[in-house]
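After this come two complexes, each holding chain A, first together with chain B and then together with chain C.
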Partner chain A sequence: MPFPPTSKPAGRRPAMKAGAVSATAMMAPALILVGVFILIPAIVAVIGSFFDFSMTSANWTYVGGANYRRAVTDPLFWLAISNNVFIVVGSVISQVGGGAILAAILDRGIRRGGVFYRTIIFMPVVISSIAVAFVWMLILDPNVGPLNAVVKALGLPTPKLGWLGDPSISLWMLLLIAAWQNVGFQMMLILAGLQAIPKEHYEAASLDGARGLKAFWYITLPGIRNVLVLATLITVIGGFKVFDLVFVTTGGGPANATQVLGTYTYTQAFSFGNMGYANAMAVVLLVTAALLGWLQVRLSRRG
Partner chain B sequence: MPHLEVRDVVKRYGTLTVLSGVSFAAEKGEFVVMVGPSGCGKSTLLRSIAGLEEISSGSVSIAGHDITAAEPSDRGVAMVFQNYALYPHMTVAQNMGFALKVARRPKAEIEAAVTRAAEILRITDHLGKYPKALSGGQKQRVAIGRAITRAPEVFLFDEPLSNLDAALRSQMRIELSRLHRELGATMLYVTHDQTEAMTMADRIIVMNGGNIEQIGSPLDLYNKPATRFVAGFIGSPRMNFIASRVMRLSGRSVGFSLGEGRPPLDLEFAPGETLPILGDAVTLGIRPEALGDDGEVHIADAEVTVVEALGRETLVYSDARTLRTTDSESLDGYFAQLVPSQSDKRLGQQIELKANRSAFVVFAADGATLHDASPIHHK
Partner chain C sequence: MRFRFNGEVRLVASAILGAAILAAPARAEDIVIKMWTLDNNGYKEFIAEAAESFKATHPNVSIEHQIFPGDPYKTALKVALVGSDGPDVFFNWAGDRATQLVKDKLALDITDYGDVPGGFAKVLPQGLLDSFRYDGRLYGVATDAVTKYVFYDKAYFAEHKLELPKTLGELGGLCKAIRQIDPDTIPMPLGNKTRWKAIHWMTMLNERAMGVEATAADYDLSRPADQLYTDPGYAKAFQALIDLQDAGCFEDAPNATEYAIADSMFITRASPMEYCGSWCTSALDQAGFTDYGFFRLPVMEGGKGNPDANFLVPEGYQVSAKTAHPQEAVEWLSFLVSDEQALKFAEKVQFLPSNTRLIDKAEGVPQSFKDIASEVATVKEGVNVLDALLEATVADAYMNATVEVLNRTLTPEAAVGKVREAALAVQAKK
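This part shows the complex of A and B:
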């Protein structure tokens, strides 16, 4: 080592101080925005979950854990959660699984037109969820929607209450719409992961005797493991947080068949004025999402 | 019977012919190096032997078996890639044992093979590490170890040292030669680095434009290049080429022009050598180490333009405006001269370029060698 090691930290200290100051200044706008729109509301929500109040209440009544106890005994809360879990599981299968299959096809299954299909499949990702919801309401409309027309033309029965109006179908339809909108994003993630695996790894593997399924198992899967973990966690978190799509298409109906935590929280807060209870459910959602987010960071660091 | 035999191998991509009927054979235990400029087809040939490229026609056999249509893993070959191609999610030991694991060999056998290869390559301490924790040289050893554990009939190397720095490269050259002796294995090695070719090869295959230009021992290629291409490719700095013409012919004595108003250079052709025809355009070749201040032939007067003092030797580049070179890769009229000691030549100095008659090589217009030079021996 050409320099004595002790002189190094001493020499760098002033520079680091200046660096810290300017770094704080640079991050300030982002920190302020996060603080005002995310951190402070979250803290207020946590506090509010221990009180009973409505939108217009002048006084908040402290109720301790009553809002949380109410949630535990509220069958609708559990129905909403189970619907969330249904969407989470269904979305992981349809979006991550479907995205993986599409990515694999685009990566090596087709000879030409890859960019074209990639663009088409990715397009719904950049459309706002509200617009997607309205488009699909038109498609699924029992009177004028093209889906009914197609199904009828094939001589198959259509649901009497409509695709979104039939409680036994509506949640599946939401799954379909969510998949249509998001599968392109997962496909892009996984495609990037697949294309990051060097060709030589497959060549070396083929010389080592691993082809086809074995190559997939030993080379492809470990190669995209981190991407799959990331894609799954993004989908899981998205599945728990889902609101706009459900709110616009079904509003949680029919008969709460598509009620999710997001819509039920909204209904309790703004339709019934139970702000405290809504806050408690929002905190449950927040804690779930935070846990999953922490898991995501942890898993991606390990890889 | 040759251990590795390549017969009339043709490889086409659409209308582009990359290999146009290549044939050669390697004996068991031979270290054969394929050299050539980028795009000459050497890597394609290696990959075709490995089974990574399908050949358009021709055949490849190893140890007497025709493996032209065999899967890469069933050919008895192992390959070391330029960028190592180690599996990033496996440890060094897992990387090295992967082929045996895929072949469902018993654990004890895998472990024994990995341990033995690691000892040969001196990487036993790294067996538990992941590739990302290794240096470039260590990664290359692991890649070689992966090949060793498979105990292949033929080792294939695709420019394995080109990602290493110069010092490490010369060290790995020596190690690879040692490895070759220890394993007694047949090795086929692709490189664009002629030093690697000259130092490691039992035999060198020089490729150019999808064809084999010449096959021979390193010194054969240096002393008796079959074509002007080989003469220019083997040797650094490259051979000097002079555009010339046949001025007179008498018996086996041929006179070549050395510029206007200069007496012709008379060379005596050996009985086996093909005589050119009067008026033929030819190229004279002369190695940098054959040029000097004295010699039987005064080639040209020149002005020193660059002096590279390397300590042990000196490279002197000079400009002889009266002569044309015929080599597209060197500047017109520039001569490279290798002085086997330190030199007091200075920039701008006027010098005489001289050489002995026996140092000249003559190439026909199509590049074929007509007349060989005699090698220079220092006692």
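This part shows the complex of A and C:
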């Protein structure tokens, strides 16, 4: 008895080819956009990081790795990195942690008005960061801001240098604003994860005597593990890329106290005209974001 | 013989006419001068009316005017000038920003275009022409100059029998007196969140401590490295700022206060004084506050400054090196600083024009504007502002040092050290 042919039937090849062509055609607009607005600028940034040039100058001088060596010895670069790390850690705790608590309350703790609270908490997510920054600048203003008035009314001392003028407080204020704006997004992600866990799991666990913390540890946490990983990675990447909120609210001040990689790169490029150095810092940021993105894909695949 | 306008002739005539139309040079109206300026009160109206008037002599030229807010403008301009769709003429501050564009060959040498009958070089005073001069050539047209004064509420001063100070020490005493009247009244709000307000103070405090001559070689980094920013006057100037802060002149958190909030404190008469620019008069008048006076920042006790020197920052226009219409662009700028247009500029924008020939005839401007114009005429020495005059990184270091002095995280000496460090780094690169 003849065996059936092991190779694919010849008649399917044109169909596959046509499928590949149409897939390519459908992906082309996105690929072109990614190429023009992400890939090419990224390549130019990498090339530019090995040159010394200003934005208004036509002369590019090759300097090898000097811009990277400069970054290593630049205390402001390290200050910006450490501020980014502070924002990343703080944001994971306040946004993912806060989002998880809010999601748990909305999933289990509130019987009425869940949609209302969800909408209220999510609302800041849809407001632009610039608008959020301006609103908070007014709230935190030491002369006319309501926060000072409330704190004084409670008989508590207000910071003498202002919420955004005191180097020891201003970074915390940025964390607060970022948490206020983004906690709703994390809450929604985690809430979706919580609601996707079948109720039968809890019922079965309950029969086996696993309730409360045990149920949370063995059912809830594994059930939302992927969502938590995703939420954490989104927050970490966002924390490294943060720019608009800092730029508008403090401009990196007072006296560089809230400088982050994004604002410092901008300052070097557009205020000081050090485009090569700014490119080198942008490449550092790019590599960091790319690594974290890769980690996100890897972890979600594993999950 | 009768000429017959038959079909063939019509056809040929039409063909010739069509060819003539196609072959004709582009219509003269096609010349468009793209102009970028800041968004100041009355500026848009002034340029629109001037553009209409300009058509009388240049019917072929249209002006396309775009306005920008201050800080984004600095970045947008650099990007645009490097690109292919930048402005033909643009606003700029005299000083390092204008010079940098010249060095990068982005600003056009307009000496020859302006040095003709009716050209701007025949109209403007030498001092203002020099503000945009580089290596003996002209790279800009000064349109106006801004200055600063301590504005004060006349009614408040009369009510509490307060006298105008003659020295910085007396100014501090005045602040103390105001605090005694009402401890919650901020005598002179600063509003230094965006850092430029305090650098304006330092500009004049340096002058009051050392004089313009003594600082010039530090500002342009021409002094030998071992002497750069070593004059004790710099620390003395920072100390003067601290003394005023200690006298209660400013709000508690000047580095967290927006300049607009500080301005509004004076405009709403919550504060009786503010060190404000000549541009503030139009905001005050619009708010209906006209009962105010002004005085120069007083001299420093033991200082080496010139009492006749005052803050005077020329501003103007430069022409892009990429413009396709340099002749028309400069003719437009020359038109803007002509006697008639300078007068209209004063009336509409209420800025002090670079051409003051007809300033006395200005109508519809508040008396304070005319008073300031008269006062500026008595200034013997102009003091350019540090954030426009200094190299960008040195200016940034100066602004940060001033922030830290106000926050008391740096002593005056340490603050000067930070500035010197930045200046030495830039000098070493040169």
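Quick note on the criterion: the second predicted complex is superposed on the first by the 294 of 303 C-alpha atoms of A that agree within 3 Å, B and C clash if a C-alpha of one lies under 4 Å from a C-alpha of the other, contacts with A are read in each partner's own complex, and residues count from 1 in each chain.
One rule holds in what follows: a contact is a pair of C-beta atoms (placed from the backbone, for glycine too) under 8 Å apart; a residue touches a chain by one contact, two chains touch by 3 or more.
On a predicted model such as this, the values are computed, not experimentally measured, just so you know.
Annotation: superposed three-chain arrangement on chain A; chain B versus chain C shows no clash, the two fitting side by side.
In the superposition on chain A, contact of A:238 is made with neither chain B nor chain C. In the superposition on chain A, A:56 makes contact with chain C only, not with chain B. Of the two partner chains, neither chain B nor chain C is touched by A:97.
Of the two partner chains, neither chain B nor chain C is touched by A:114. After overlaying the two complexes on the shared chain, residue contacts for A:201 are found with chain B alone; chain C is out of touch.
Of the two partner chains, chain C is the only one touched by A:161; chain B is not. Superposing both complexes on chain A places the Cα centres of chain B and chain C at an angle of 150° as seen from the Cα centre of chain A, in steps of 10.
In the superposed three-chain model, the partner touching more residues of chain A is C, compared with the other of chain B and chain C. Aligning both complexes on chain A leaves chain B and chain C separated at their closest CA atoms by 52 Å. Per the touch definition, chain A reaches chain B in the complex via residues 198, 200-201, 203-211, 214, 218-219, 222-223, 225.
Touching chain C in their complex are the following residues of chain A: 54-58, 137, 140-144, 159-167, 251, 253-256, 267, 270-273. Listed in rising order, the residues of chain B touching chain A in the complex are 50-52, 71-73, 77-79, 81, 83, 85, 87-89, 98-99, 102-103, 146, 150. For chain C in complex with chain A, the touching residues are 74-75, 78-79, 81-82, 100-101, 104-106, 186, 189, 193-195, 251-258, 261, 265, 392-393, 396, 400-401, 403-404, 407, 409.
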